[in-house]
Amino acid sequence: MVDVSGKDVTARRAVAAARYVTRPDVIALLRDDALPKADVLTTARLAGIGAAKRTSELIPLCHPLPLDAVSIDLDLTDDAVLITATASTSGRTGVEMEALTAATVAGLTLHDMIKAVDPEGTLTDVRLLEKSGGKRGDWRRQG
Amino acid sequence: MVDVSGKDVTARRAVAAARYVTRPDVIALLRDDALPKADVLTTARLAGIGAAKRTSELIPLCHPLPLDAVSIDLDLTDDAVLITATASTSGRTGVEMEALTAATVAGLTLHDMIKAVDPEGTLTDVRLLEKSGGKRGDWRRQG
Amino acid sequence: MVDVSGKDVTARRAVAAARYVTRPDVIALLRDDALPKADVLTTARLAGIGAAKRTSELIPLCHPLPLDAVSIDLDLTDDAVLITATASTSGRTGVEMEALTAATVAGLTLHDMIKAVDPEGTLTDVRLLEKSGGKRGDWRRQG
Amino acid sequence: MVDVSGKDVTARRAVAAARYVTRPDVIALLRDDALPKADVLTTARLAGIGAAKRTSELIPLCHPLPLDAVSIDLDLTDDAVLITATASTSGRTGVEMEALTAATVAGLTLHDMIKAVDPEGTLTDVRLLEKSGGKRGDWRRQG
Amino acid sequence: MVDVSGKDVTARRAVAAARYVTRPDVIALLRDDALPKADVLTTARLAGIGAAKRTSELIPLCHPLPLDAVSIDLDLTDDAVLITATASTSGRTGVEMEALTAATVAGLTLHDMIKAVDPEGTLTDVRLLEKSGGKRGDWRRQG
Amino acid sequence: MVDVSGKDVTARRAVAAARYVTRPDVIALLRDDALPKADVLTTARLAGIGAAKRTSELIPLCHPLPLDAVSIDLDLTDDAVLITATASTSGRTGVEMEALTAATVAGLTLHDMIKAVDPEGTLTDVRLLEKSGGKRGDWRRQG
């Protein structure tokens, strides 16, 4: 674990995204909350938030951090759910992994709810979009 | 949580895969274990195995299962790490989510170890490859 | 921890109940999902299911059990939410504590979602209703 | 999860209470530590403290908080155990849920230790008594 | 993680021991429960049992197991606490690590309770005494 | 749990050590990474770091702390592995238990990896070496 004791406590924020790809008829069922398991989107959101809080238990060299906020947005396209996760802390190290973990576990939970009708659903393009705070300053993904 | 009390205890197995995409120079560092954080592949493997054991804590409607085995293979290509995760149980429900969780957290851990040199690294194509056991019999991904 | 190695593996089931008491205007907001925090009932249900899976971590002498099913029903009255939790296992010991933990954490989560508008909300009458399976046979609460 | 990054770090404290109701002969056994499971009160106290530390894992939208103190008092009446739990933090959000979770899990643990002799034992009146710290200032339960 | 799916489910049991060495005056305080922190022995016992249940989360390649029983005995000598931990399961793999983890965390908890009066207290001789069950049959430590 | 709300937030650091004793031929296998389980030293190190992060879940009266750093050094002698664990925080209470827990779980993990070839391996001399920070100032073990 990198020693962060010499770093300043600053407000830090990270945004991650992912995409869960399935069939258009599954997205239609999701819009109508007509899948065998109900409340799919709320369940995925809560799972993502819960996972963000446990990031340091999942990722071996992550520091435990007191999170100030985690939010997850889920937007439906014709054949996919777009996942955006934002995490914030006031701490000595960044929250990229918290945002990525939130997006990922939200996506895995979508699959758990959907897999009875589409076992081929795929979670893809899990990536950091931007981060701010800390000594290196702001960073934003290119392209 | 789906009631599985009427299902038989059978040997069940699932294989999931994912791909972590980065730059060729990062893969070269990885081959030489020359990244700022050492033992990247072992760390990712152990993180994936640990996450498989905690799947039912992460995915809200997953059943807690006694796992018989979890293994994770990591293969390097020119610009990516191919992740394959296999999970086995003797239980009343399948281990797809355990295999997918293992593959995903292994991938997130790769990113945690690599992000200082490539913050744009992306985890992609997280998907189930095959599963066996249980009433519905074997399933294998098409294409 | 009581030694259960001499007990038979049988299908076991327990039902617990609790009541979260608040003001009628809060129940009206809850019916319309118009509280400051959305999806209150789904969140409470998922929290209860999650807690059932962690019962053996919370209650010092509980055995870890593979749960076959957990479900939580929430019914609204004029000034309360009635919580019913059912847990099932195929194991060597009963699931009363799992059902009680599920009902309780569902109730605490209701309070967390409601406390901004009613800090006086009270969780009450947390109790076992019935259990079945195991050597002692069925039990049902009197009165 | 509510964004608390704009809130000040202040000393915050909350007191919660609950009552575990059983039969007078069970209370007599409890006074003499003569129940089948020993050290009932200490076990309940430790379980409550342990649960307070895990509140953010149990309650989906709770923030992880560094706790400065948790204490649990158990007082015996003729037919009940009165549970009082106090939690303190130096943080950006309150510790009501930590105090309530501590009181509740202490009560559930009492039931786990007592249920062999009184399966009808009931945990009741789980409620916040007072809280202090933060922008809204002090609050005390009426009546 | 070793694949245990081909192994039989049998009754398995392991006994581990450790010794926590401190000063005679500390042992005297412990006998009278007169240390700054009360209920030292009960707290250590419960911590050991709790840790046994979490062995597979702590030891990376351990399998999650449903434990049938865990017990911890603490005996005082003139300058030490002798710790004996026994774990049992009906499973496909042994419970040595569960017994060792229980003994160890009981010992660490003794130190946590005692360290204000003896920061030099030492946990020593953590070792397996015997195990039974499984294909290899019984094993007992020599000497 | 001791109330630490009146204590200052200061940089605190603790160093603990332990020794895992086995046979010389096992140490030779370890040097060559030729044991049945691979990557023994890395696995033990990661297990120790993971355990340090969970100290407050394992030790009943430990405060949850945001860790700034944890590191584990493993040195081989002819018949033992010397374990040194260092933990740092910026907090209101010390990190002795985090350092001791890290050293201990690293040692237990060594045993888990080695026990197939040496079930008699012993973890011994788990002790605090030094600590700094906080009101009482620095402390260093005598002899």
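Labels for the chains are A, B, C, D, E and F, by order of writing; each one numbers its residues from 1.
We adopt the following convention: contacts are C-beta pairs under 8 Å (C-beta built on N, C-alpha and C of every residue); 3 or more make two chains touch, one makes a residue touch a chain.
Just so you know, these numbers come straight off a predicted model, no measurement behind them.
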item: Both-way neighbours, i.e. chains that touch subunit F and touch subunit B; value: A, E
item: Labels of chains that are neighbours to subunit A and to subunit C; value: B, D
item: Residue-number overlap at the subunit A/subunit F interface, same or different (half cut); value: different
item: For subunit C paired with subunit E, centre-to-centre distance based on mean C-alpha positions, whole Å; value: 32
item: Approximate Å spacing (C-alpha centroids) for the pair subunit E, subunit F; value: 17
item: Separation of mean Cα positions, subunit F and subunit C [Å, integer]; value: 38
item: Subunit A, residues touching no fewer than two other chains; value: 2, 43, 46, 50, 54, 57, 60-61, 64-66
item: Set of all touching chain pairs, with the criterion as stated earlier; value: A-B, A-C, A-D, A-F, B-C, B-E, B-F, C-D, C-E, D-E, D-F, E-F
item: Residues on subunit F engaged by subunit A in the complex (per definition of touch); value: 11, 46, 49-50, 53-54, 64-71, 88-90
item: Residues on subunit C engaged by subunit A in the complex (per definition of touch); value: 39, 42-43, 46, 50
item: Residues on subunit E engaged by subunit B in the complex (per definition of touch); value: 1-5, 56-57, 60-61, 63-66, 91-92
item: Subunit D-touching residues of subunit C, taken from the complex the two chains share; value: 2, 37, 43, 46-47, 50-51, 54, 57-62, 96-97, 100-101, 104-105, 107-109, 111-113, 115, 119-128, 131, 139, 141-142
